[in-house]
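Structures follow.
Each of the next two complexes has subunit A plus one more chain, namely subunit B in the first and subunit C in the second.
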Partner chain A sequence: MRYDTIIIGGGLAGLVSGIELARSGSRVAIISSGKSALHFCSGSFEFWSEGMAAVGSIAEHNPDHPYSKIDPKKIARYTEQTKDIFARAGMPLVGSAEANHLRLTPLGALKPAWLTMDEYVTFEAVGVSEYRSVVIVAIEGYLDFYPEFIAKGLEQMGLECHIREISLAEFNRLRQSATEMRAVNLSRTLKGSPLREFAQRVKALVEDEDLVLLPAIFGLGEERGLQIVEEIVGRKVKVAATVSASASGVRMQKRLTDAFQSLGGVFIGGDRVVGCTIDESRIVSLNTANHEEEEFVAENYILATGSFFGRGIVATPEEVYEPILGLDVVPQMARKEWYADDILDAQPFQKFGVATDSELHPMIDGRVVENLYAVGSILSGADAVKEGCGAGVVIATALMVAENILAYKHK
Partner chain B sequence: MPLLLVVVAVGGIFLVTEVLPWTLSRQTAVKRNGKYDVIIIGGGATGAGTARDCALRGLSVLLVERKDFATGATGRNHGLLHSGARYAVTDRESAAECIGENRILRTIARHCVEPTDGLFISLPEDDLGYQTTFVEACHRAGILAEAISPEEARRLEPSVNPALVGAVRVPDAAIDPFRLVSANVLDARLHGAEVLTYHEVVDFIRTGNCIEGVVLRDASSGELKRVEAKVTVNAGGIWGHLLARKAGVEVGMIPAKGSLLVFGHRVNQMVINRCRKPADADILVPGDTICLIGTTSDRIPFEDIDKNEVLSTEVDVLLREGAKLAPSLATTRILRAYSGVRPLVAADDDPTGRSVSRGIVCLDHAERDGLEGFVTITGGKLMTYRLMAEMATDLICRKLGRTAFCTTATTPLPGSKSESKRESRRGRREFISMRAGEKGAEGRHGDRVEKISFDKPTDAALVCECEQVSVAEIKYAIESLDATTLVDLKRRTRLGMGTCQGHICAVRAAGLLGRASGDSEGALSDVASFVNERWRGVCPIAWGDSLVEAQFTQWFYEGVCGLGEIVDKKDREEMI
Partner chain C sequence: MKKQESRNISAGNFEQCTKCTICTVYCPMLEVNPFYPGPKQAGADGERYRLKEPKYYDEALRYCLNCKRCEVSCPSGVRIGDIIALARAKNSRGVPKLRDVLFANTDLVGSVATRVAPMLNRALESKPIRGAMDTLLAIDHRRILPRYAEEKFTTWFAKNALAEQSKYGRSVTYFHGCYANYNDPQLGKDLVKVLNAVGFGVRLMEGERCCGMTKIASGMLSQATADAKRNLAEIRREVGEGRRVIATSSSCAFALRDEYEHILGLDNHDVRSSISLATRFIYRQMERGNIKLAFRKDFKMRVAYHFACHIEKLGWSIYSTSLLRMIEGLELLLLPSQCCGMAGTYGLKRENYNYSQAIGESLFAHIESLGVDCVATDCETCKGQIEMSTSVKVLHPINILAEAIDVEATRKLNDLK
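Now for the complex of A and B:
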């Protein structure tokens, strides 16, 4: 099977680069094992938590960071490109390349964000709110949304918070199994008349609040779920993130996969690369677990398999390695140096990943693999958690590599 | 913070407050002139067992613990109900005590014990001749020990090292120390005892040569409280060394640290031991959904007794030796590592010399040091806790001039009083129809599951999916088992003890705890402390799947939730 580009990994990095390449007419395949961090998405993407203004000087202080390989002048364009990809996939985003906004976390913290799904409540800055008072609607027996915690965050913004609870007969079926009251299942239930009944109940408990805040449990049962609720309630309705698998994240994964396929991309799910032929410094072909007898051949290959969580890199007691191609992983240090005592502090292991040159070509024993690119959280040098750059690194490197591949092709 | 080391000047600075612990008391023994008959210091198995024994004998009791129950060596060992075979060759008296207590606990603490039986295996490098000595010694101590063929051993326990050349079957079993302590405390309270957790003894009230009570500091408010008693019992485990010193007497204890590893699933169904003289990492014990290998043994300085650190060299020894018992351990995911500190008591520091050979040390300091009103109970093992409690309570009764007899050997603990639902329903349709959370709760609380209401569908929802802990069980632990923090809830229910080591369940339980206490801010800071408590155990073995989980944990709590911004760094340092 011949393609222009084969992408290993079907998470956010693989899908974004795949969509950009497919849209320009390339023949692209994505090989995905099916596991993606997107399933736990908070509804927001972060680029740099210290602020967008600081992005230009990252290379100076932090030469090993993936951002040091990205032209800061391109970030405004990448931002627009991202909004465009998501809008076409049916999930408009708000946010800009100039300044971060604030998102509300499930525990009530306010954290800087770059882009957020427009269904979610966001604020321009601390103390700047277009709302005066809010009713936070909890669902009886649903444990993954904490109105009390969320109210703490909103009170910081000067909002008057009221907490009210509703229940719905349709949810009782979910309750028969003790693990079913989860965002994804609630979201699948909320369609047709139960969705409208739900909206009526919400409407009944709104008083003079100017914002209705619901858990993020819409969009899987009925694509326009939240808009329908808003129309019936007749008040501004927004959602806040839940814990556990996220309905928005599952929806995002699905809509982006659909978008990729509708552009002619080939999505090979539930498969993984098990073998690879390398000639000199180029990949010749790949083999997968489910297609043993077939060879996957392409001009270019993109590795978007993620960090430890995505199994893009693997740790043993002695070392950290890249399991598919045996790429160089940095930094290598004694195990006791991998960790910090407080799990909430910066953990050195978060920066582990493959070493790359300025165009994001990884290496084997110091030698560049010319037709291979690494994108997303498999790249070394970024601490997605403490720097607040997880999605930023993923999206910016995915767009940059897609752009470079297309530029070479046109040459 | 090592609160035990803090010395507070005796004098006018104490805030003298009435201590009014919340109790379940039904038959409170009368506290005369505001004075308890006995104050017991230490919420481990020994302290809890002594509180129960004293309460059953009609004494007025206050049990105090500086943290939560079972936070010391009690909750930091194998959870092995020894048959005594391990000591048969080297210490016959301990072996006889073990088999006696083994039989008693199988009845009175039925819901805490899993009768797995055990094997003592000989590997090619071991001396098979030792097996004969071993079996004879077991028989002399009254332990049923039966040599079986390697084929039979492999049939009984398929995970055992197939290279074994001999095996002896003994009546070892698994015991859950958290359940055991919880049931003892509960029964003590049902018989009138009062209980204060998170209260540390910062000083003793002393008149002349007599200890007349203690000064406590409430960890949450910082407030100091004076409480008086006729007899004060030091059941502080290794911390008892420092307590005794504070009271003005020396009990020469030596801290012996042992480290263990918890594996992500249950590889073995029977306890597997090495048939040789006791050494490092030679016991593999199944328990609930997991199994445990241990221990190492190292003497450490007193400065380190609160550290509970596990070194990578210890992890290496445990893995290497463990794989010799059951080779599949080498490829089984390790969930976490932990360590505990056992109090070894030096013989030369005990002038009477009587108790030491037996392992259990019960000291009347009036007789030994001329200090009235003070008793130390130490040494021993988790599984001889009841016997230790009996010895201590006999001594207390003698000192108080009471004649009540011990009944703990025959009185079942709450949870083990009647046949449980699960037992009576085994193989029947009603059992299959029990909800997951109800089955989980029953396994943990025995017949007390009757006190847990699953009537409302919302109560049956699972908070912790790995360990099947429901909303109802969390509520019960908060209301009836003195759980005030998430880590307490972990010890009462196994919340967060499973494969994910506490991801989402911590937030869910914090929501319930915050609602129960009305303090959602406190509940959030508790989440940080819970997640870090889990991380401490994962850190020494964080590679492979454990590092995958750790990355997800940090990404979720710090990245998605922003917990580090909510809970002040300074507060977190105190937690760590």
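Now for the complex of A and C:
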């Protein structure tokens, strides 16, 4: 099978670069084993938790950070491009390249974010709220949403909070299997008449509050679920993040995959790239577990297989390695240095990943693989947790590589 | 350069589970049935308990469709469906019902049924008989059962095709399976038509048995193993003589390649990569320039492709869709990849009927909304389910290919007289 570009890994990194390339008319295939970290998306993407103003000087203080390879002048454009991709896929985002906004974590903390799905409640800054009072709606038997914690967070913002609970016959059916009362299952139930019934019950709870806050359980059973609820309730309705697999994340995976396919991209799911042929410093072809001797051939290849979670890099008791091509992984250090003792401290293993040159070409024994690029959380040098840069690194590197591939093509 | 991945590999990779819950998002049964514990709990989580003490086996595991969509979604390579299927076969205390034995023995029942096909088909359509089957056999009276053919594919082949197959320079072996043989011989005939047109002779294996998928799904592993051993011996002979073995049914191909090893514990590594799917075989021959196809100028069709569960697990839908895309005059739409609810013989059983239809509901609505001439799929039981539940006809990609090609022009292109 022949393509212009083959992308290994169909998480956020693979899909964003795939969509950009397919949109420009390239023949692109994504090969992906299993589903990705997107399923746990909080509804928000982070770029740099210290603030967007600091983005220009990140490289200075962190020469090994993936951001040091990205031109800071391009970030405003990448931000608009990201919003455009998500809007076209039916999931509009709010946020800007100038300043972070605040998002609400499932535990009620207010954290800086770059872009957030517009269904989620966000604030411009601490103490700046367009709402006066809020009713936080809990669902009987649903344990992945913590109204009390969320109320504490919102009280800091000066909001008057009321917690009220509703139940729904359709949800009680799910409760028969205690572990399955999950955002994804609730969200699938909320369509047609149960959705309307749900909205009516919410409406009955609202007094004079100007905001209704629900757990993020919309969009799977009925794409327009939250809008329908808002129309019936007749008040501003927003959602807050839940824990465990998120309905928004599942929807993102699905909508981005659909968007990629509708641009003519080929998505080969449930398959694993297991080997490749390299000639000098170029990849000639890839092989996958399902397709056996069939060769996947392209001009360019993008490695977007993720970090430890996606198995883009793998740890054994002795070492950390990249399993497909045996790419150079940095930093190499003794196992006892991988972790900091206090789990709240920065963990060195978070920065593990493949080494790349300034154009994001990875290397084998110090030698660059010319037609291969690495994008996303497989890159070394970023600590997504401590620096709050997870999706920022993923999206910016994915867009940069797509842009470079297209630029070479036009030359 | 490539290093050995991970040690501690156990049956089904169950210790690789990171408890991420992604599999639970893609399980069609969990979506409609609150009594089903779901792939995470029934699979890796439950296995820990069952290894400790078999009494932790939960009879609700019987709801599993064996669709393997959980496995396709798992980022950690846990063979969840296999773990469940094996736990079921090992622990289930229920004695198989007469009905389950009948459903599992598609080959035996098929060979009897084709002999009395006209009468049987009429009977299966009659209300009182369906009512009686519901009462006596727990086969849902609302279910439309597959019709049986009056002449088996193998009989037709022996009479009409066998003699000329040796005229072709190249040959390939066809594993027709029960469905093409007893229910839909046209599928086999169409495959012969296409392969002959591009210069391949078709061989059948005299000792072919049922692939065993229905027996595996009903936990009848010893019968499945007997069939499987016979099939492997037959396949080994064909492969030894340099032929590939191709199936039209994605579930047959999947059983021969993967279930034999993972569920029945048979070693098939020597022939596994020679077992393929008809669409994959044809596509790969085309890609290498070994064969060419010419299409009828007047052919027009708007088709929606349905991704059957086991072709998703094989990862081979790309061959069927690529082949359909090559057909001039064919407009291809892709349906969202989801289970239709049938899962082999699962949906035939009365106790599963409502779950089965609930799983497929959104797919059926989607199909109706598209205004297509037909749905294409590589799975025979999806065909039955979609035809029963929508107003749209379902064809195998090979049926469509056979209709679309210009046989004379194709033969010429391939230098045949």
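Methods note: the second predicted complex is superposed on the first by the 411 of 411 C-alpha atoms of A that agree within 3 Å, B and C clash if a C-alpha of one lies under 4 Å from a C-alpha of the other, contacts with A are read in each partner's own complex, and residues count from 1 in each chain.
Criterion: a contact is a pair of C-beta atoms (placed from the backbone, for glycine too) under 8 Å apart; a residue touches a chain by one contact, two chains touch by 3 or more.
No experiment lies behind these values; they were computed from the predicted model shown.
A.B. asks: Looking at the overlay, what does A:Ser358 touch: subunit B (first), subunit C (second), both, or neither?
C.D. replies: Neither partner.
A.B. asks: Which partner does A:Asp271 contact after superposing on A: first (subunit B), second (subunit C), both, neither?
C.D. replies: Only subunit C is touched by A:Asp271; subunit B is not.
A.B. asks: Figure out whether A:Ser193 sits in contact with subunit B (first) or subunit C (second), or with both, or with neither.
C.D. replies: Neither subunit B nor subunit C is touched by A:Ser193.
A.B. asks: In the overlay, answer first, second, both or neither for which of subunit B and subunit C A:Ser244 touches.
C.D. replies: Once the two structures are laid over each other on A, A:Ser244 reaches both partners.
A.B. asks: Look at A:Ser307 in the shared chain and tell me whether it touches subunit B only, subunit C only, both, or neither; answer first, second, both or neither.
C.D. replies: Touch status of A:Ser307: first partner only.
A.B. asks: Across the two complexes, find the residues of subunit A that touch subunit B and also touch subunit C.
C.D. replies: 40, 175-176, 179, 244, 309, 311, 314, 316
A.B. asks: In the complex formed with subunit A, which residues of subunit B make contact?
C.D. replies: Residues of subunit B touching subunit A: 312, 435-437, 457-458, 460-463, 465, 468, 470-471, 504, 507-508, 510-512, 514-515, 520-521, 524, 527-528, 531-532, 534-535, 539, 542-544, 547-548, 550-567, 572-573, 576.
A.B. asks: Residues of subunit A touching subunit B in their complex?
C.D. replies: Per the touch definition, subunit A meets subunit B at residues 37, 40, 42, 105-111, 140-141, 143-144, 146, 148-149, 152, 172, 175-176, 178-179, 181, 241, 243-244, 307-309, 311, 314-317, 335-336, 338-339, 341-345, 347, 349-350, 384-386, 388, 390.
A.B. asks: Which subunit C residues qualify as touching subunit A in the complex?
C.D. replies: On the subunit C side, the touching residues are 1-3, 5-7, 18, 20-22, 24-26, 30-31, 34-38, 40-41, 71-77, 273, 284, 287, 312-316, 318, 334, 336-337.
A.B. asks: Looking at the complex, which residues from subunit A come into contact with subunit C?
C.D. replies: It comes out as residues 1, 33-36, 39-40, 173-177, 179-180, 182, 184-185, 188, 244-245, 250, 258, 261, 266, 268-272, 275, 288-294, 309-311, 314, 316, 321, 323-326, 364.
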